[in-house]
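Dropping the structures in below, format is structure tokens.
Both complexes shown next keep subunit A, but they swap its partner, so subunit B is in the first and subunit C is in the second.
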Partner chain A sequence: MADTKYETPMLDELESGPWPSFIKELKKVAPRKPMVQDLLGQLEQSYEEGQGHWKHGGIVGVMGYGGGVIGRYSDLADKFTNCAHFHTIRVNQPAGWFYTSKALRTICDIWERHGSGLTNMHGSTGDIVLLGTTTSELEPTFAELTANGFDLGGSGSDMRTPSCCVGKARCEWACYDTMALTYDLTQSFQDALHRPAFPYKFKIKSAGCPNDCVASIARADLSIIGTWRDDIRVDQEGVKAYEKAGLNIERDVCGRCPARCMEYSGKLMIDNRACVHCMHCINAMPKALRPGVDTGATILIGSKAPIVQGALLSSVLVPFMKIEPPYQELKDLIEKMWEWRDENGKSRERIGELIQRMGMRNFLPAVGLEPNPDMVFHPRANPYVFYDEYFVAEEEGEAQA
Partner chain B sequence: MAKPTIDEIANAMFDMVSQYDGKKNLKAGDLTKAMIAQYGEGNCTKDECKQAIRILMDSGRCVYSYFGGSFISLPKTEGSAPQ
Partner chain C sequence: MTTQPAKRITDIGPPHYDQMLHPVIKENYGKWKYHETLKPGVLCHVSETGQKIYSVRAGSPRLLSIDTIRWYADLADKYCKGYLRFTSRNNVEFLLDDPKLIDPLIAELNQNGFPVGGTNNAISNIVHTQGWVHCHSSATDASGIVKSVMDELHPYFISEKLPAKCRVALACCLNMCGAVHCSDIAILGIHRRPPKPKHDILGKTCEIPTVVASCPTGAIRPATVDGKQSVEIVEAQCMYCANCYTVCPSLPMNDPLNDGISIWVGGKVSNARSAPAFSKLAIPFIPNNPPRWPEVVEAVKNIVEVWAKHARKFERIGEWIDRIGWKRFFELTGIEFTKHHIDDFKHAGLTYHTSAHLRF
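Moving on, here comes the complex of A and B:
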């Protein structure tokens, strides 16, 4: 155990094996950061006891902002004095997570001066996460970050930092410009990002195609997933080249199409009206198939990880929307959702839970959408269907009897 | 009732936060609903309430706090901080 103040036999175990180890990284930093020395000591105690020792929340942040800082205090502050405060700062990442090495060095240098030096690239919200500082260092950190063109991200009951896949910057499947949309939404909704005014958090994630590399369908209240509404582009010669190279197209492409809408007998035939845009065939033969050219996105609502209640996946709200600047249709929809939730949501209730509680029949008129068969998440499990007119007829019958 | 200025809405919100201090955590939405009820829908809009909250925050008269959700509080020693 080199250069650390505490014996950490349990943590040392986590350095064994072929995987990268966060303990190894903590130990590298510990000799120059007393805060990290004590963090290792507290962590070892937590592992011994099977119990965490962080208190979360409170009143901590930077002037004017209600998001971006997550207060964390040790309940063993008397013993581990150097990590009595260990606040997290979330920094709004650039859309698509593209940095110059100079920008990364700038962030790391700021954090070396004001915090533990530990980072997490990136948190589940997508932000750059700076781990561990004291209350007195929050404003100086914020001042340096903003002077270098960075801003804080979201936390608490606000719009969380929107995030997206790399989209058109690197990916040929992108059906819209995810980075441009994410940047625009971030700028347009600054107030919602920095000044928490919602009953609970709201996450927006944008994926350029149904491969959904940002897992928006599982991790965002609003998932914006690129799609197309015309036909898959097929290069028949390219398909043949895959067959020649040994791909069993009938079995491994057509046979695994969830819509069973493909056939191959020397020529690939797709019933595009039945295609559910799963991307399987395109992923299997990327040199021969491409999404169509009439592209946009499907807007889905309601996913969340299990926190207060269980996990939910997003379900379709708008089957197809063009995603082009200035994105007014999408922004209007988002604002209507927020308005409805502000009126009806309970504290710590995600929008997906609220829709489950109040029903689509209340939600859809509030956001100005007509019911659509694409919104049906799964067939109903309850076989009973009640029609109001039957009750009226029955009541009238009873009255006459 | 006459239409209040943004500063008057901010003052009324501050009074409410002070009155409930230590008794009930208030969210931005609670303050907004209370102001609209107090001044009437025609006299006080959600957007004006947003501006009023911003005045309270930027002046440091109120701060955001987090206790499982985000609330608007009076500034004080950090809730969970070691003394």
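Moving on, here comes the complex of A and C:
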């Protein structure tokens, strides 16, 4: 029974070509994993028919946690019995996705014993994704993971696994320590990560500079994007070297500056008060220009994909915040926004949608922030303005609250 | 008599990254001064201390067997003192302190079919979702299309000859697990037929008020069908988001005749030059055509090549279109502009062209 082997002519076509093949990956483990043999069979059928064959998730998990495991069942369970259950385990990745070979082998050995042997390195939120196991293997997998220093990530209506760019570990542009912050937030909010108690998910992504290599402005409810507020550091000799090497600095650097805040005529002159911190000039001449030294982050709120009320990008909440341990100001802000959403949010409503529904005028006081022109592209153009109170003639009493 | 439950370890969080860092990285943490690209896929970061770390970036299918991960670990032991990392676009990066080992490592990766590249003005790995391999709501596969498109775009992965970066992403449904909606080119699976309620079991499997409330356009109403509690769908109001299916498995969306692919262009997440932006619709629908989706591959390649030919240095696809205008984009790419390109959801009016600034 464990030897079921299916013909997969359509999938086999995806083994050739110069890009690494996921079908080859499946076939590497299939000989010793009946679950993957059946997965190949089911996938071939999907390719023939043009549709998926996974059922809606079920509630499965490990004891005491509400998140970290995604239930998955085949709707062709009678035919492909070995992948009838094919649950996903999300394992919280080390910050910056750094590993030792030993740590990777530990994960592989655990997954050899308890699952399909298939993974994603990594899932979209950042977790190590262990792809495909049965309900009975969940607890044993979890026990081995924790015994080896790993823990599960988030899923469902909880704080999702925070993730970050490579930061100060290997990038000269990191304006704060993204990995230290991500580790600290992950540890500080373990309960919110493992036990879904929110109206809906909440994602946090930390990017060290405005290049935003983790797409935080598009994919995180809370986007923490590094920036600086003093002057760009310039090495004029370095700039000249780029010119000598063929870079047209006037046209391709100054001419592409969105703030038009720089000029070049043998010397690069920057009006730093006008700079919008886009990174273009620094990206173009990394050996000559660097962010300033008064660094921190811009805190933005609310991005999400289309479901339900339409896609959003995060928008500015705090133009500049110092990001230093113990990160109390940031943590207080996070807890206040969670509290406000717990009070007001509907099921499956992301915080960006809630802010659009209730208005910044309700959200800002709840999190203790004053309105700031950096929060908007421009002031409102429509005159339908809400006021919280109005005056009445004296005999009617005081101003209404 | 009570038995003591076994002691469980919980809430420990991930291992501290400190244990995972190459000694050169640990020593120069926060001290990096600049970097240069030695060749496509190979970066050299230089510290204030003068020390250097070399990163060799290799493409990956993201869906990896533990066999391949163990091989990565072997390579890391052989060339990198056992240290490596993965990138936000699912590439693997080997971290070396000895530049003499770069070429042997690249040779070994290439011999085994893993290309090195994806840096700077390259097309890096396609961020993507699970598709038919593992997802319940997918309107298309993910890995198969990614494999087919990357086979074709491979020359752009291993070189840096494009005008700027080009980020391609794929999501197999509108849930968009990934930054698909802010990509230079987004490949998006879509449904095109309203859900088909399973009236016989819906009342038993789903909470009807929750289902009704889940619809962003109010297209779902409670109904009694053949004496059973269920819902009816106002089909003209459905735009196939599948949010109802997510809260109720008795409203399946999959439909091979109507499911397929749409292509979106011009988005970005980086703040460099222009502000982050959503991708906009280029091609409303291409039928699923497994195993290699040749029409999708051709459409993506066409957009890349037209952009590469016409864009100026540093212009990403959206920035190029901003300069030349959408009309010219459709002319140059030969893509037809249809009624589906004009928004009709909330705030659609904000996308209407309220000026006489036109190109002829």
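We take it that the second predicted complex is superposed on the first by the 370 of 401 C-alpha atoms of A that agree within 3 Å, B and C clash if a C-alpha of one lies under 4 Å from a C-alpha of the other, contacts with A are read in each partner's own complex, and residues count from 1 in each chain.
Please note the rule applied: a residue touches a chain if its C-beta (ideal position, glycine included) is under 8 Å from a C-beta of that chain, and two chains touch if they have at least 3 such contacts.
Just so you know, these numbers come straight off a predicted model, no measurement behind them.
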Subunit A residues touched - subunit C or subunit B, whichever exceeds: C
Touched partner set for A:55, first subunit B, second subunit C, both or neither: both
Partner chain in contact with A:358 - subunit B first, subunit C second, else both or neither: neither
Which of subunit B and subunit C A:64 touches, first, second, both or neither: both
Contacts of A:366 with subunit B and subunit C, given as first, second, both or neither: neither
Partner chain in contact with A:14 - subunit B first, subunit C second, else both or neither: second
First, second, both or neither for A:348, with subunit B first and subunit C second: both
Subunit B versus subunit C as contact partner of A:310, first or second or both or neither: second
First (subunit B), second (subunit C), both or neither touched by A:84: first
Touched partner set for A:191, first subunit B, second subunit C, both or neither: both
Overlapping contact positions on subunit A, where the subunit C interface meets the subunit B interface: 55-57, 63-65, 191, 347-348
Complex interface listing, subunit C residues touching subunit A: 8-17, 19-21, 25, 29-30, 32-36, 45, 53, 55, 59-70, 72-74, 76-77, 82-88, 90, 92, 95, 113-115, 127, 129-138, 141, 143-144, 147-148, 150-151, 154, 157, 171, 174-182, 210, 213-214, 216, 241-243, 245-247, 249, 254-256, 259, 269-276, 278, 288, 290-292, 313-314, 345-347
Of all residues in subunit A, those that touch subunit C in their complex: 10-11, 13-14, 17-26, 28-29, 39, 43, 46-47, 49-57, 63-65, 72, 86, 88, 92-105, 107-108, 111-112, 117-125, 131-132, 143, 146-147, 149-151, 163, 165-166, 168-172, 174, 177, 179, 183, 186-187, 190-191, 193-194, 210-219, 225, 248, 252, 256-258, 277-280, 283-284, 286-287, 290, 305-311, 313, 346-348
Of all residues in subunit A, those that touch subunit B in their complex: 55-61, 63-67, 70-71, 73-74, 77-78, 84-85, 135, 155-158, 191, 195-200, 342, 347-348
Subunit A-facing residues of subunit B, complex: 27-29, 32, 46, 50, 53-54, 57-58, 60, 63-70, 73, 75-82
